[in-house]
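Alright, structures below, take your time with them.
Look for chain A in each of the two complexes below; its partner is chain B in the first and chain C in the second.
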Partner chain A sequence: MIGAALAIARVKLVLELRRREVVFAMLLFVAATIVIVHFALRADDGAGPRAAAGMLWAAVVFTAVLGLLRAFAAEAEEGALDALLLAPVDRAAIWLGSALAQFGFLVVVEVVAVPLWWLLFFQEEGPAPLPVIAALLLANVGIALVGTLAAGLALGARTRDVLLPVLVLPLAIPLVLAGVTATYGAFGEEGGGFGPLGPLGFLALYDLIFLALAWGTSEHLLGD
Partner chain B sequence: MTLEECSKRFGERLALRKATLAVEPGETVVLLGPNGAGKSTLLRLAAGLLRPTAGHARIDGIDAVDAPRALRAGMAYAGHRSQLYRGLTARENLALHARLHGRALDLDGSRAAVGLADRADERIDGFSRGMLQRLALARATAHEPVLLLLDEPASGLDADGRTLLDHVLLEGRGRRTQLVASHDQDLPARLGARAVRLDTGRIA
Partner chain C sequence: MRALGRPSTTVPLILSLILVPLTVVLAFVWTGEDVDQGFSQKIFYLHVPVALTSYAAFGYGAFCAAMYLWRRDPEWDLRSYVGVHSGTIFGTLVLLTGPIWAKASWGVWWNWGDRQINVFLILFLYYCAYFMLRFSLDEGERRRSASAVYALLGVGLIPLSFLAVRIAETLIHPTVFTSSGAAMPSSFFLTFLVGLAGMLSLMALLMAVELRGKRTAMRVLELQRAARGEDA
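Let's look at the complex of A and B:
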């Protein structure tokens, strides 16, 4: 199961390295969003840490949807999904492999987006980096798990380009709230609202719940 | 492999109407019929890639859509599209297939892979339709399936490719169950196979 998922993830990463179709578009989108919002908020006049945190997380989530729209594009080209569905592996491996690739794409995007965000929004003192990085990594897991499952669900729909954001964005709201709170907290401010777990604990719990949920349903969702 | 009163509807269109068909182990059956007759739908139902609107498609008595891993290990389906990744090389595509079937890649041991070895390390987005079809056939037979479902496998093949296809199907006769959709009216005779005709979703 894990071996099959890794093999599928590797294929997707190799395809992306060769074609540069997904990550390049995601990078352009996230960079453009951060620059536009920077000028719109006149961040150099002091947009405030909460606005800056919210801006980063909104940009990450919308950029993730852009990548998720292409989550199964390589399989759709020549019907490779049929071969994967007929392979003697758990069908959850198809979902998990695709989710691993999406996670990788998001990490690459954030390696560029976070320093750019930092540069534009914080001329003086920014947030502590470790909590922000931890929150982003935990949120990437959740977005990749939920988003890839939704992409598989929307695969057969004629209106999948519309359906996918409609499915993913409401499910991503808790991730954004926890992410913003964790980022705001990294400025030494009190974000609050996540009880004893804290925002990072909440993100980890979200990941575990959706990992179990998606694992259990992907067998049926990826078929006819 | 059996279809029992199997129907499939796509929206308003009934693509297959109460089709009943039994293919015995080791038997080769050729599905003949014009475009839109329901051949592809029947094959996808048999492969478990579609769920019937009514009736059952079964393999070894198990509903095809619920085929467990052990059953899927012995099945192969090649449809109108190659089911390959266009950005990968031929070797990488076959290696992924072998990996998912828990096998080692054996390009030399496959008759269907004849003619592919020279171009094994080329990305397949530069391949002709015929080469893609050959590669799809090599992929479908690489894990030595006991049930082979082929949808118009000769489409796009040149004369050598069609001869190769006939060899592959003749070799498989008696050794595996083969269900082949084709427009080639002479194929059943060449293979010594049973012909089943489909027209407007019905088995004639």
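Let's look at the complex of A and C:
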């Protein structure tokens, strides 16, 4: 099961390395989103760390949706999906493998986007890097798990491309709330009382709950 | 469809006809004016029962979705759909009555510091997307399972949204509105319970009626297919 998932993830990553279809678009998209949200909020004149934190998280979530739109694209377009479904592989493995690939794409995007964000908004005092990185990694796990599941649900739909963002974004709201709180807290400001759990603990809890729910239901994905 | 009976429409109809008007009478005649909020507090007897009913309907929808995934009986899929649909109808009412109350008691139409209404908004957005998903898939097994999986995921979203909104509250809004702490007078609480019972029976009625309609539509479709000589 885990072996099959890793194999599927590897295929997707190798394919992406050869074709460079998704990650390059995600990179351009994340940069454009940061710039747009910046001009919408003018984070440099006094809106402060709160606006900057929000900007990063909004950009990351929207960019993740862009990647998810292509989550099963190769399979769907070239008829590989039927072969994959016929193969003696658990559906959960297909879902998990695709989620791993999405996680990988997000990490690559953030490796570029976060330094860019840093450079654009904090020449002097930025947030402590570790909590921000930890929050992003945990949120990547959540959005990859949930988003891949939603992409699997939307696969046979007539309106797949408009449907997917509508399915994923409400699910991502708690992630954004916790991520923004963690990022804001990393400035050394009072970040809201996540209590003993903390925003990072909350993100981990989110990942666990949706891992369980998605794993339990993933056998019903991707059609018959 | 064999194992599941028809939900009655008569009982919820009678109950709704008694309880919903009774709530209105009790709210205006029996209960006194709230010391803190005055007359505007009367909307409490509508808003809160409607909100709880909406949660109940979403919960029912998710439960039936789980039953569908387990049993594979299309009847559970219909019930799940009807549950989510009623939840959305009551949810619309919550999002309409909430701002009215907020305007009267806090002076603003929308209060981002109020946790219930924010959680509700997330959930409402989520379940609205359910209809987009359902109706952009062709009728059949695929649509039933995809709808069921999506309805079921909401069960994870409800507690997580509560937690996230509650936890991030101080960041979003510095002041938290708490009730004055005084216990609710028993007349208030009783009226509230009558209101809740009334809304729940109204929900049961709406669901039963819609379910009946959906079943009839399915039956008609089957008959049409049979008349054309196709196998159902």
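To be clear about the criterion, the second predicted complex is superposed on the first by the 215 of 224 C-alpha atoms of A that agree within 3 Å, B and C clash if a C-alpha of one lies under 4 Å from a C-alpha of the other, contacts with A are read in each partner's own complex, and residues count from 1 in each chain.
Here is the rule we go by: contacts are C-beta pairs under 8 Å (C-beta built on N, C-alpha and C of every residue); 3 or more make two chains touch, one makes a residue touch a chain.
Because the structure is predicted, anything quoted here is derived from the model rather than measured.
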(request) Check whether A:181 is in contact with chain B, with chain C, with both or with neither, and answer first, second, both or neither. (result) second
(request) Give the label of whichever partner, chain B or chain C, reaches more residues of chain A. (result) C
(message) One more residue to check, A:127. First (chain B), second (chain C), both or neither?
(response) neither
(request) Pick one for A:166: touches chain B only (first), chain C only (second), both, or neither. (result) second
(message) On the A-aligned overlay, A:67 touches which partner chain: chain B = first, chain C = second, or both, or neither?
(response) neither
(message) Touch test for A:147: chain B only (first), chain C only (second), both, or neither?
(response) neither
(message) Is A:49 touching anything from chain B or chain C once the two structures are fitted on A? First, second, both or neither.
(response) neither
(request) For A:85, decide between first (touching chain B), second (touching chain C), both and neither. (result) first
(message) Just to be sure I follow: which residues of chain A are touched by chain B in one complex and then by chain C in the other one?
(response) 223-224
(request) Mind listing the chain B positions that touch chain A in their complex? (result) 47-51, 65, 69-70, 72-73, 75-77, 79-88, 92, 96-97, 99-102, 123, 132, 139
(request) Using the touch rule from the top, collect the residues of chain C that touch chain A in their complex. (result) 69, 122-123, 125-126, 129, 132-133, 136-138, 141-142, 145-146, 148-150, 152-153, 155-157, 160-161, 163-165, 167-172
(message) Can you tell me which positions in chain A touch chain C when the two form their complex?
(response) 146, 149-150, 153-154, 156-160, 163, 166-167, 169-171, 173-174, 177-178, 180-181, 184, 190-195, 197, 199, 202, 205-206, 209-210, 213-214, 217, 220-221, 223-224
(request) State the interface residues of chain A toward chain B in the complex, per the touch definition above. (result) 3-4, 7-8, 11, 14-15, 18-19, 74-75, 77-80, 82-90, 223-224
